Amino acid sequence: MLNVGVIGAAGYTGETLVDILLNHPHSRIAYLCRKTDASLPIQEIFPKFKNRIDLVCNKLNIKDVISKCDTVFLALPHTASMEIAAKLLKAGLRVIDLSADYRLQDVAVYEKYYGVKHTDKINLKKAVYGLPELYRNKIKTAQLVANPGCYPTAAILALAPLVALNLTALDSIIIDAKSGVSGAGKKIAEGFLFTEIDEDFKAYKVNIHQHMPEINAFLSKLAGKKIQVSFVPHLLPINRGILETIYVQKSQKSKVKGQSLVALYKKFYKNEPFIRIKAEGSYPRIKDVSGTNFCDIGIEDFGDKIIIIVAIDNLLKGASGQAVQNMNIMHKFPETAGLL
Amino acid sequence: MLNVGVIGAAGYTGETLVDILLNHPHSRIAYLCRKTDASLPIQEIFPKFKNRIDLVCNKLNIKDVISKCDTVFLALPHTASMEIAAKLLKAGLRVIDLSADYRLQDVAVYEKYYGVKHTDKINLKKAVYGLPELYRNKIKTAQLVANPGCYPTAAILALAPLVALNLTALDSIIIDAKSGVSGAGKKIAEGFLFTEIDEDFKAYKVNIHQHMPEINAFLSKLAGKKIQVSFVPHLLPINRGILETIYVQKSQKSKVKGQSLVALYKKFYKNEPFIRIKAEGSYPRIKDVSGTNFCDIGIEDFGDKIIIIVAIDNLLKGASGQAVQNMNIMHKFPETAGLL
Amino acid sequence: MLNVGVIGAAGYTGETLVDILLNHPHSRIAYLCRKTDASLPIQEIFPKFKNRIDLVCNKLNIKDVISKCDTVFLALPHTASMEIAAKLLKAGLRVIDLSADYRLQDVAVYEKYYGVKHTDKINLKKAVYGLPELYRNKIKTAQLVANPGCYPTAAILALAPLVALNLTALDSIIIDAKSGVSGAGKKIAEGFLFTEIDEDFKAYKVNIHQHMPEINAFLSKLAGKKIQVSFVPHLLPINRGILETIYVQKSQKSKVKGQSLVALYKKFYKNEPFIRIKAEGSYPRIKDVSGTNFCDIGIEDFGDKIIIIVAIDNLLKGASGQAVQNMNIMHKFPETAGLL
Amino acid sequence: MLNVGVIGAAGYTGETLVDILLNHPHSRIAYLCRKTDASLPIQEIFPKFKNRIDLVCNKLNIKDVISKCDTVFLALPHTASMEIAAKLLKAGLRVIDLSADYRLQDVAVYEKYYGVKHTDKINLKKAVYGLPELYRNKIKTAQLVANPGCYPTAAILALAPLVALNLTALDSIIIDAKSGVSGAGKKIAEGFLFTEIDEDFKAYKVNIHQHMPEINAFLSKLAGKKIQVSFVPHLLPINRGILETIYVQKSQKSKVKGQSLVALYKKFYKNEPFIRIKAEGSYPRIKDVSGTNFCDIGIEDFGDKIIIIVAIDNLLKGASGQAVQNMNIMHKFPETAGLL
């Protein structure tokens, strides 16, 4: 059994990690902590875990983490991860970071969008972007995995086949994204009150969201050319789930020929356990992926334009589920262990 | 036109008052303020009011209030009203207070349930409880009206006929109350986040809620004997609306005879514009009263037991709508002006 | 007082019409009916109307309509309106039709998208499209007004300034639309059950929705050239409200110069009582327009691209509110009567 | 591996059974069917199951069921189960029936509340009521288990300690119950549309619900005396979950002494894996049990009165989860297999 720790167990991604790990056949939760606050049994923080786990959620103590864990999940806000990851890595632990701290190789972009200095450039260089469908081989041997953001996971998986095969006009990509509220974490602010969100819907951070450069970076890498998407996120009055509707222009030269886009996508993702391509004329909905680690993709050809619709659960494939998928890959467990 | 002011215009009851007063035929909003914070046009605080009103929401200045207004609504949390009301009353203004500060004549009970000292006992004595269906005559001439709490409005209206006619065993009353989230005001706390309330339902302050002594006080007054109800409030995952399911034992002596309870209720409330008694076997639902100042009551006889179901909109009949109804009565406007 | 009738009073748009008309200062509801079904007091169909109106909702009788009404609202599904409108028009009544039957001048397009024959081409030619911001003058004297669809109202108002001023590449318009469930009417089908929609979000009729040709037709008319938009509607788990996020490429020739897009929009709509243009960097949300007849528009310039966000209440500005606005114009009442 | 069948796989309880059984370590789904309709892969009926199961949901064929299954779940509406169960039992299969057909030993009561004749009285006599916490020993050897209703599961578990120990006045029990919409099954009717339930809350079948006699029957059995509860169910605007607030008078003779009610409840349920008793002053909420097979109970002593609050997931402990718990007991699997 692998001994794992969860740093930041009291937030939504931490809670979801605990939930998954409690049913994982090859790992056991060896350590739980919150960065600050006093120690408290995890089942008092989350009464839902009573009778399932009996473990104290400590105040963070790095030595304890190192002595008790082989692999550690950092379920922390950005900045907080940088402070801790280096110490764990130095002690030889493997780290899966759910924050944004190790996702963007371009430090200037990170500092612009997150508004803080990056203080661990050395480990940043070694970090592997934890999107298994594109980087599985690197993840296998990575010591530090940067678990992707929720919006980027959906967007990159939805666009990867088109971009990799050079089928899209690179300046034409528009991502209209809609997310459930848990995507924002447990933020205690007026804008996240029930009374403010219930029966409402709105866009926010229009074309300036911090996930946009993450999408740009990994699509550009895939294309071998610079890609700059338009990205408008919206807040759905639901708890969890992301659906993105993506519009692209076909590229001039390489029109799709001889096969449908659906067939092309099915081929691109043919051995992927968590990618499900919808049949022609059929589209994803959040309900089908909610509570699962699946990513559902629907795609349709409208002459010069292509419309792609993609759905994931932001707390699972968009965060904690994908983190466990990465752990499975890193430790040669079956990739779906604990996730189906 | 009556010149009215709203102190505390940035909360949910303040917002609702502005909304009603903008369509009121006999009054005009002469002054808006928040207790603290800088001045800001009300249409910037609530973009929904743009094109309907062009008025600045000031930082509170008592002199301004006195010079501009005839009647003032205090849409404030408890304690805050006590500090202001005395000054306005002294200057001859009429005051409708939506807080709890002037509802309970028994100071000891107030201090126990609200955890603060009462600092304006003189005006407390003069305050009239603003439940028009029971105290219309006193409201007409009141200088200070204590607008009832939302739960008590529903509970007292639902029970008044039975209690007044001595038809219920006084120690048997059980009130199982359910409220939408706006009933709690704009409280920025983890428990009121969308993610915490959506798809959830729970009881809170079981038999210790501060509205319980208010219900007890006014039912006891009506009965001429001490009544102590059981009261369990619950939080509904909706924005507005209260529904209470009330269980009582019939009293030994005075069984209902010769007429149905529905007929008895219809008679008791026969000239009330905002009370609607449901037909036999038919019950209120929140949707029918939401956005209205109505109070719907359904009642049924089950042998020894009576079950009453009552619904109101907590922000209207349970707060701001009733406050305007009181204003109408105080100024001899048609009682339904601005409210139908 | 104008005598008005509502044909189809039991659906959501009919219910909303009754609600508005009950507070209208210059008209009175003279006749209510459902197309089929037995007569029933409207307050039994909608208990929320009790104490506000006491009128029977009849089974449709054309003679009664003609004898009692000056102006009639048809709150009916498509096809049903065609059968009735001709008779009312012939009798000299003025008709505001909320169905799609008289919106599309191109009969072939109507028949393709609605799947039925058009049986009243004569009146179709005389029908005026009831979007007051563009066709106010024609509406004044129209005998038959075709009230616009909910999605088209938002889309056309959001795009009209850009299209009219030739600022957009005509083949580049993408409309990502999200609507509350009442937009579908009171359709009793598995897909509209609470359990299917709650906590879900999905696209439907991707690029094939019947409102797309309506948008195309009126934008093309405005541009004097053929416009073909991409249009993807989605279903929001809320009761009412539409928000559309619109992406356009700027046209080559006529770049916006010397003034911001916000200023340009403010100028275009400067005397419109129901259009509100958001300040730079600020965007509409459904909560601000819900329960109102307003249309809120936010617009931003992103180099080659423009992003426009627009919100309306689908039952008001998107249906019944706009219908009453049209009635006000037709009868020279103040345009906002009953609507603010 | 045990071969199990699910008859009625297309409803909500059928869907939930498939979901649980796919992760069950000791059983495999050998047969799925819908009572009527054509054959269809289950992953087409529920796209969420794609990549998890590849099995056709057939039109019911009794011979197939018998040849392929050892144990069968009937996830059917009442009446439908009676027609099928007898055949399966005769063939030696073990049956867990989720309908109401075998719950009430008193045929007259069944026929009164369900409005149909009971056609299988022979098997009714042999049926064991599948509430493991009270009838575990009988369930072990039962051939036919009548899986309890959702409301009764919560109510009986909440009241069993008080009733068994004779601590409550038998005529005083009031159950105010609130349920998510999935409790009604996939009923396609106006009352279950999203637009009707969203932002609403209401009581229904006040004191006449068909689950009331089930509660009465099993509480009476426990007490050895006739118990008649008051029972008012309400519809919550959420997908799943039940919370019941229960009010009882203490019995005259046997006042609780020497220990708290919480301690008494903890002792009564001390070895139960799915019952969690809340600490003093702490109460259940639906979120803590949603998606789990737990039953959370909070209890408090208020002088003469006791208030008990209980919460379960209506589709799990209230239906399919409890059905699998029963299967585990019948086949000597660990009782929590597939359920934690």
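Read from first to last, the chains carry the letters A, B, C and D; within each, the first residue is number 1.
Just so we're on the same page, contacts are C-beta pairs under 8 Å (C-beta built on N, C-alpha and C of every residue); 3 or more make two chains touch, one makes a residue touch a chain.
Given the structure is predicted, the values throughout are model-derived calculations rather than measurements.
Student: A-B or A-D: which has the larger count of contacting C-beta pairs?
Tutor: Higher C-beta contact count between the two pairs: A-B.
Student: Using only Cα atoms to place each chain's centre, name the chain farthest from chain D.
Tutor: The chain lying farthest from chain D is C.
Student: Once you find the CA centre of chain A and the CA centre of chain B, what distance in Å lies between them?
Tutor: Between these chains, centre-to-centre, one finds 47 Å.
Student: In whole angstrom, how far does the Cα centroid of chain A sit from the Cα centroid of chain C?
Tutor: Here the centre of chain C sits 40 Å away from the centre of chain A.
Student: How many Å are there between the centre of chain A and the centre of chain D, using C-alpha atoms for each centre?
Tutor: 37
Student: Quick check: what residues of chain A touch more than one other chain, meaning two or more?
Tutor: Expected reply: 196, 198-199, 237-239, 287.
Student: Can you tell me which positions in chain A touch chain B when the two form their complex?
Tutor: Against chain B, the touching part of chain A is residues 12, 181-182, 186-190, 192-199, 237-239.
Student: Which residues of chain A touch chain D in the complex?
Tutor: Chain A reaches chain D through residues 22-23, 47-48, 50-52, 198-199, 273-274, 276, 278, 287-289, 291-292, 294, 296, 340.
Student: What residues on chain B touch chain D, complex-wise?
Tutor: My answer: residues 171, 174, 176, 178, 196, 199-204, 206-207, 230, 232, 234, 236-241, 243, 245, 247, 283-287, 290, 300, 302, 304-305, 307, 309.
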